[in-house]
Each structure stands twice: as C-alpha cells, then as structure tokens.
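Structures follow.
You will see two complexes here that share subunit A, one where it goes with subunit B and one where it goes with subunit C.
Up next, the complex of A and B:
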C-alpha cells in the first residue's frame, strides 16, 4: 500500500512538470500583459520599459527557468494586476469552489445513483420511461440557460432567491441546482446502465437462487459492482468542477477559482494562470488517487501492492 | 462505505456553514453592480474603470470635473499659470487624511515622487511625463514646472489623486492598494475579493458628509445577471445597459433608464505603414463614404449615438461642430476608388475584437458588408481582446482594425498624439503637416488660439482620413427609483452627491 502511494506520488512529479511547461508556453505565446495594463496612450518606450520590468524582455527559456526556480522555493510569482502572490489569490478562491463542487457532487450522488437504480429495477415501466426522459433532459440542458431560467423565475419573477453572491444558504440554491441537474442526470444514466447489466449477470441469478432477499441482491451484489464506473465518473467530475465551473460561477457571480482564472486569462495575468493550473492539476491528481483507493474498498480483488 | 458517505456529508455541511459575512444595512446602501473586481485601491496602480470609480471615492483629486464636465476647484481651491511652463496651485487648509495626516503641498510633492518610484512600476503615468518638478512654496501653495508648455495640465489634475506621505512611506504602495488611507468622501469598510467592495461615508470630509452612508460595488460579471439585479432591486446602478433591455427594465416599475453621452470615440484605424491601397487618400475617403454610420446607429444601437467627423467627441476641448461627418455616399465612394485606380475594388483584411465594445462583432460584420457593396472585399477576423492588442506591439498589425478610445481628461491631445504622431502603440499614419499642427496645439497655452489649432486639426484629419470615423454612443444606465443619481459623460460613477429615499 505504502509502495503504491509512493509510486503514485513519484508519478505526479512528471505530470506537474509537464503541465507547467505546457501552461507556461501557452500563456506566454498569446497576448501581452503590458499592452493590456498600460493605458492606450502609453508611448512605445514606456511599453518596452514596462515589459522589461516584468521580465518579458528575456528569452522564454530564461523566464521558464526563473519560474521553475520559484516553484522549488514555493513561490509561484506575483500577480501583475493585484501585485500579490499568485498562489495566495488562488487559494483564497478555493473554498468557494470546493463548496460549490462538493455540494453539487454530493447532491448529485445522493439523488442520481438511487434514481438510476430505481429506473433499472423498474426497467420498461412508466417510471423508467419518465426517468429516462428526465435524465436525457438534465444532460441536454446547457448550464448557462438553466442558470438564467432559474434566475428569471426565482429572482426576477418570484423574488425569493438572491441572484448572485456568496455567504448565505439562499445564495447557494441556484448555482448548486444548476450544476447538480447535469451531474445527477449523468450519474443516474451511468448507474442505470450498470445496474441493468449487473442484474443480468450469473452471480445475481445465483444469489437469487440461493434465496437471498431482493434488497441484499440489489445492494450487496449488483450495486457494488456497478459503482466502479460511477465512482470513476464522480472523481472526474470533482476534478473538473475544482477547475472551476466557469459558466455557473460567472452567471451567479460566485467568487471561485474558475472566474479568477478566466479573468486572469483575459488580462494575461500569467502568474495567476500558472498558479491556478498547478493547484488544479495537483487536486486532480489527488482526487484520482482517492478514486483508486475507493476502487479497493468496493472490490477487494483490487489490491495495491 | 457508509463511513465514506458520512464523511462526505460532514465535509459538505461544513463548507456550507463556513461562509457568511456582514454588510451595511440595505436601506442605507447604494449598490453598484460592476463587471470586474478592483485590482488595486492605490490610485497610481489603478487600471480599469472600476478601479477609478473606487479610488476617487477614497482619495481626493486636486481638481474635479463637475457634472457638466467643466474643471472645477476641489482640494486645490485655485490655480493659475505663472508663465508658459509654470502652474501655481493653492490648496485648502482643511483637508485631512483619515489617519489624521494633513493634506499639504508636501503631500502633492510626495505623490509625484510616489508614482514615479520605479519600484512601484505605475502603469498610467505617461500623461504626467511633462511635469518636471513640484516646487513647494509654502504648506498650501506649490508650483508644477513643466518641461514644455502644457495647457492640458489642469484637465489632467482631475486624475491626480493625492496619497498620504507618512502612511504610504511606512507601508508601501502595494499595501496602500489593499488597505487604502485617503482624504476622500468615503473610506473602505470591507473588501471581499471578487464579491464586493463596501465603502462607508467619511463624516469628517471637508466637503461635508455624503448623504449615502454606504456604497457597495458588487462584482457581477454576467451582463444578464446585472440586468436581473436592476429588475429585482438588488442593484441600484447598472452601467452599460444594452438598448434592447430597456422595455424589460421599465416594466419592472423599480428602475428608470438614465443616459449620458459616452466618453469613447469609435473608429477604424487604417494602417498606412504597408504597401496597400490604404496609402491613397482617395481610398481612405472612399471607405469613409462607403459606411452608413447612421444605419449602424439606428439598427444596432436603436438610434442611441451620433456619427463622428473626427476623433473628437463633442464633449472634448476644441471640438468643432462645423466639421461634418462624411455621410453615406456609396456613389462617391465608387468614384473615388475608380480615381485611385481601383474601379473593380480590392481585397483587404480587417480585424475586430469580440466582447470588448458594445456589439463589436455585429458592427464589424455590417461594416464588412457595406465595404463589400462598393467593391472592397473585406476578409474579417474576430479576435479575443488580449490577443488582438498583443499584435500591436510590433509596428504592423492588420491593415484595418476597430478601436474605441476614451479620454478621461477630455483633452484632444490624449487621443491625437498617440494615434497620429509616431512612437505610439496604435499609430499607423504619418503626415508631417498634421504632426506639426498637433505638436503646436499641445503646447499652446492660450485657450482660444489652441481651440483654433484644433479646428484646423479636425479639418485636416477629415481631409486626410487616416481613420474611418464611426460614432460616439449614448451610454445607458439602469438606476433604481430609490436613488437620486445622474450618470456623467466621463462614465465615472460617483455617489457622494447622490441620495437615497424610500
């Protein structure tokens, strides 16, 4: 187990270095923060002086070397716009993102998996038909449209929910719903498909034949085997949402990582983009590791040696 | 397995309960919905319009533009030119920063040293380059000495925020940006990044305590959401309202739509640095005749705007109304193209940004179609803003590009010099006569003489057509019925003269 963890940690290092190269090159190849920050009447001489003060007059490879040296010291640079350490700015936004992503995934799992199971056990019935229609719709509705429709109904027409911001539970309802609808639908579809397949397996028939209660067959035998792809999906979605649910965060003015990154990309605030990407990739790696460990819990045949 | 679920639920609940913050009471708070958070509250590090809204509440400027855009005394009670290169300012003796420091002539001298400090690396200081030094005469009198005659200096002093010497020297410019101490009508009460900036009225302000006790700048990045907040009454001011939202807003019964001329001139820059047909003045004139600016205003902006005859909007110093816009004349355009040797037209590339200016993509597409109608086959690219302006560092850039330009000083030198004289990022046209005229106007102190020179500049730029002049737009604001506030032609949102009622 320990060897496995150490091995995974060792694998994370090249992944992070690879990410840093790609992100560094991508952000440095488009746009120019000096022109974006300076007023348009700045003479060329001032533009060049400003670029030099940010270190852009040096070869890209030297700038990258500096960046890596900074990382080794835990210093991801200072935001051009805010003139504050970029890592701190990213970490400040992380709780808001974790809150939104965590709640959405939690709710989606608690609703979506049982719905999928229900739909699978009642396969072919009107419940199943209705549920399938709902899953299809839930996955098909784009979040920006759903978010705006929720706002029109609950903020503008009914006046019961605040349309933006973070701080109260009322402010959570619409952004969480917007994210949850899509997630629930996709988890439910996955759970339904998995369950239908599992219920046709020999081991389920055997379990039934030896007289186990239907509840025990359903949850101990069929569901447990279905959960592996579902957990994979949950892991992927958590990783994805931690990178910021940009559309939802923007519509509801949710102060998360996604918005910070998008603003930073627009302003070509390289240090923030770089710091955010490294944080997000690190979290993604961590979530993947947790998912792998959960596989072991679900299926004792999966051993990490 | 059950344990895992329980842990996840616990973490989730904790995350819900962990947030929560205090604000001023809603009935005493005017809420302004803004699209992006402030980046720094140090006025000399400010870059965006949001930054300027906020810092002008926190810091006093030497002079202040009144609602009619005339330059009025503020912290400086009087000013006069001593000679062509010296301006004397007198300061009020009752201005204090909120940490108790008094605002004096020494604060002004310190402010200049502060924004010139290379460690601060302030972005917006090019316009102050002509100020050579500050001579402190006594505590409340000082002189700006300029390296050349500088008639636009008073106009520029409306953008001269004074910072406290003791505090700034102690904490540094970066900290001043997060924990600002100024002498302005408001103080910073709360700043939650990417959420809100809450300002509280300064009861000891020399100009009297503002009537609105709290001002909240609330960050709402999505335009639809800002409009929704005006409808619900969550926001009291929403700027840059698109014309098509007006009926929606008026139906809500809570909001009035107020308007003011916008500070921006929109135009197409014609790059004459390369060997293209644009080098021929007849071609440039033809392009001006080929575009139906009135139709663009009517059909895209519901008639809210006016066509321009030059780079100057009517609010700017020296705008000459006798210089008239080209007007739409496709016949004339075809004739001019034929005279220039392009009877069958020509093909050319044009670039426009997206999500930068109101309806920028729509306008660019209409322009491309209208130019196509006279035989100029436009290859239009729509480019994201950061990438778009990144390419102007090199001297080439696309042959035709779309820009909007606003001037906080309302002094035409701030638009003419960077666009029509060499050495600037967006200059793509050279004419020695024009350049000499602009240089002469920029250093002529006598206002009437200067106005006459700008008249000549406007006539010459209409004739030479270095740009395709488009329009100035009327800016629309949604303002709640409970707030007594008027928009300004400089786009600034100031609340110290506003009041709230039920």
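Up next, the complex of A and C:
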C-alpha cells in the first residue's frame, strides 16, 4: 500500500515540474514580458527600467530558478492590479470554486451512476430508451447555454431564483445545475455501458447459477467492476469541471477562481493567471491521487501490480 | 477493405447516420453559402428597429423572423453566419489535433521504448491541464484571433488521439499481416502508413467526430468569455456573450444562437455514436 502510494506520488512530480515550466514560459513566450505588461505606448526608457526592476533582463534559466524558489516559498509574485500576493488572492477564491465543483461531482455521482445502472438493467425497455435520450441531450447542451436558459426561465420569467452572487442556498441552485448536467450524463452513459458489459461476464452467470438474489449479483458483483472506469472518469473530469467552473462563475457572478482568472486575463494580470493555473493543476493531481486510492479499495489487485 | 468504404456503407444503412449526416450537410451548405442566402447583412445596424422580438411574438415582423439585437441587426442572419466560425473551428481544430496526436501515438506504439514513454508522459501531463484555462492563458499572451483559437484548441486536444492511436497500434502490431509486411521488406514508414494506419483509422474517425462537438463547445465558451474570435465576426459564443447583458429584456438573443449550437453538437454526437455502433 505504501509503495503504491509513493510510486504514485513520484509520478506526480514530473507533472508538477512540467506545469511549472509551462506556466513560466507562457509569460515569456512572446519574448519580452515587459512589453506584455506595459501599455503599448510606454516610452523605451520606462520599458528598460521596468524590465530591470522585475529582473527580466537576466538569462531565462536564472529567472526560472527564481520562479521555482518563489514557488517553494509559496511566493508567486504580486498581482499587478491589486498589489497583493497572487497566491493569496487565488486561495481566497478557492473555497467558492471547490464548493461548486464538489457539489457538482457529488450530485453527478449520486444521480448519474444509479440512472446508468437502472438503464442498463432495463435495457431495451422504454425506460432505457428515455434515459438514453436524456443522457444524450445532457451531453449535447453546452453547459454555459444551459446556464443562460435556466436564468431566462427561473430568474427572468418566473422570478424564483436569484441570477447572481453567492451566499444563500437559492444562489447555489443554478450554478450547480449548470455544472452538473454534463457530468451526470457522462457518468450515466459510462455506468450503463460498463454495467451492460459486466452483466454478460462469466462471474455474473456463476453468481446467478449459485442462486444469489438478483440484487446481490447486481450490487456485489457487477456494480463493483463497473465502478472502476466510472471513478477514473470522475477523476479525469475534475479538470474539465474546473474549466467549466470558469464559464459558470462568469455567468452567475460567482466569486471563485474562474472569474478571477477571466478578469485577470482581460486585465493581463499574469501573476494571477500563473498562480491560478498552478493551484488548479495541483488540486487536479491531488484529486487523482485520491482516485488511485479509491481504485485500491474497489479492486485490491491493482495495489500489487 | 478500406476504411472509407466502411464509413460510406455505414452511412447508407443506418437511419440515425443518414439523419445526422444529412442535417450536418445542410448546416454546412448554409454556412458555406451564408453570405448569399441570409436575408440581411449580419452586421448592418438599424437603430430604428432595435430589440424587435421574433416574428411570432407580439411586436415582431417576418422581415426579421428571429428578431433583432441591441443594434438592430437581424438575428437570423447572424445565427446563420455564426455557423461558419463554429464549423470552421470545429473541423480545423480536430484536423490539427488528429494529425499531431495520431502521428505521435501511432509512431510511439510502433517503435516503443524511450520515445513511447516520452510521448505518453507528455500526454499525461497535458491531460492534467484544464484546457479552457490553458487556452485562456495562451490567448491572454497572444491576443484573441481565429488562428490562435484553432491552433491552441487543436494542440490542446492531441493527447486523446495519441492515447487511442497508441493503444490500437499496440494491438495491431502483433497481427500476422504486420509481421508479413515487415518480412516482405516493407520500410517502417510503409508499414505504418499502408498497414497500421488503415487498421486503426475507424476508431480515430469515431473519436474525431465526437471531438468536433467538444471543440465547437470550447470555441463557443471562449468566445463567450471574450477570449475567442474577435467580436467583429458573428459567432454563436460571442452572440451569447452580448445577449447575456439583455437577458432580462430580450430572451431571443441568448436562446437562438445557443439552440443552433446545441443542435449541431447533438448532431455530431449522434453521428459519432452511430458510427461507433457500426464500425467500433
């Protein structure tokens, strides 16, 4: 168990280093970050002074070394707009985003997996046909448009839900729904496919032949084997979800990391963009480590491979 | 047996395929001939006719069937013209991602060794980046534009193709006909393009079809965030962005561009799904 964990941790290191390189190079890609950050009509002398003050006149590798030392100290530079540490600003907004994404994953799992299993066990019936249509539509509606349509119906026409902000439960409903539908549909489709496959396996036939009740066969034998790809999907979708959160937060004026990034992109506030990317990738890796552990619980064979 | 013959045969037999492919062909034709067929110039402003609702709503008229926006531009014309960017970005990004990903993945699976490990490692690293965030950051540096969006989204999506191409190459590689081709003295490139390629193409065609809709949604999301194609070109995402400001007074501005996007996305998903039932 411990070696398994350590192995997975060691695998995360190159990913994190790769991320830091990409995040660092992003600002240096156009050659001169000073030109990027100053207004285009800034006088040459000012550009030189600015470049020197931020150390942009030194060799790239030295600057990267500095950048990494900064990361080690938790210092990712200061936001140009707020004159505050960028990392602090991102971490301040993180709980709002995690709340949104966490609720979405929870709801999608609780709704999507049972629906997929139900649809698989009723394969070919009208329930299955209806469910498949619903999954299809759920994956086809662009999440941000769904958000806008929810707003048209529930805020504009019916006036029952607030269109923006964070704080009350009512304000949670539309952003969470917007973020959940696509993931629910994806998980349901995956669970349905996996379940149909599992139900055709020999061990399910054996279990049935032994005279086990259909419920026991379904949950103990088939479902457990279906869950592995589903859990992988959840882990991989976290990245997608955090990306989706960017758009959802923008629509509903939700004060999370996503909105912070969009505003920072428009204002060319690069330290915030860098800090947000690093935080989100770290979060993604952490979640996928947990996913690996869950695998171990679902299928102990994986631990010994 | 060549893969495109499979695709055409499948197209003929399955009603789902003919419906979705037919619909997409119509959209493609409408997008191609948009400048000729639209009733109004999509950018022509008419402040006297601002915010007119769709024709079937009180206050609307059939000269603007879907109504007009805050500058009096004809919504129907803009929705039709908006299909151009959506389809162009969807197809072009998939072409970029497929070319890069399938080539790297196939070669990686075929040669194996350090090259394979490097490519797969890079794919893993890139998969851990939320691509919307990556795209946003790159666009913040280079500025928005059609070419930037295509390149960034295309390059962001290569790992999916690479993984599938590698996996399928690994299983094809062990077949006898590959050994035979090598024994007959076929060069590496020849074996890859003439023997491995055609045998993994079906799966890649399915993936690519499904990816078109993902890429169209990504482009719309970026344009919606104001970081996609510049606002002077009508795009569905850009129209939704502008429409959101008037959501309390003019519902049609957010409804119709989104409806257009959804129908095309669903059609591509339908097509991909039916193809995978037939060819997968």
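Operating definition for what follows: the second predicted complex is superposed on the first by the 263 of 305 C-alpha atoms of A that agree within 3 Å, B and C clash if a C-alpha of one lies under 4 Å from a C-alpha of the other, contacts with A are read in each partner's own complex, and residues count from 1 in each chain.
Keep in mind that, in the parts below, contacts are C-beta pairs under 8 Å (C-beta built on N, C-alpha and C of every residue); 3 or more make two chains touch, one makes a residue touch a chain.
Everything numeric in this text was worked out from a predicted model, so none of it was measured.
Once chain A of one complex is fitted onto chain A of the other, the partner contacts of A:39 are limited to subunit B, with no touch recorded for subunit C. When the two complexes are overlaid on their common chain A, residue A:121 makes contact with neither subunit B nor subunit C. By the touch criterion defined above, A:232 reaches neither subunit B nor subunit C. Judged by the touch definition given at the top, the superposed model places A:265 against both subunit B and subunit C.
In the superposed model, A:63 lies in contact with neither subunit B nor subunit C.
Looking at the shared chain after the overlay, A:15 reaches subunit C, while subunit B stays out of its contact range. Contacts of A:251 after superposition: both subunit B and subunit C are touched. In the overlay built on the shared chain, the residue A:148 is in contact with subunit B and with subunit C. Put simply, subunit A uses residues 30, 36, 148, 151-152, 155-156, 163, 250-251, 265-266, 268 to touch subunit B in one complex and subunit C in the other.
Put simply, subunit C touches subunit A in their complex at residues 121-122, 124-125, 127-134, 136-142, 213, 217, 220-221, 224-227, 240, 243-244, 247-248, 251, 254-255, 258, 261-262, 265-266, 269-270, 273.
By the touch criterion stated above, subunit B contacts subunit A in their complex at residues 1, 4, 8-9, 11-12, 15-16, 18-21, 36-37, 39-40, 45, 47, 118, 121, 123-124, 126-127, 174, 177-178, 192-196, 218-222, 224-225, 228-229, 231-232, 234, 252, 384-387, 389-390, 392-393, 403, 405, 414-415, 417-418, 423-426.
Put simply, subunit A touches subunit C in their complex at residues 14-15, 18-19, 22-23, 26-27, 29-30, 36, 136-137, 139-145, 148-149, 151-152, 155-157, 163, 236, 239-240, 242-244, 246-247, 250-251, 261-262, 264-266, 268, 270, 273, 276-277, 280-281, 284-285, 288. Note for the complex: subunit A touches subunit B at residues 30-32, 34-47, 50, 53, 81-84, 89, 92-93, 95-96, 98-99, 102-103, 106, 109, 148, 151-152, 155-156, 159, 162-169, 172, 250-253, 255, 259-260, 263, 265-268, 294, 297-298.
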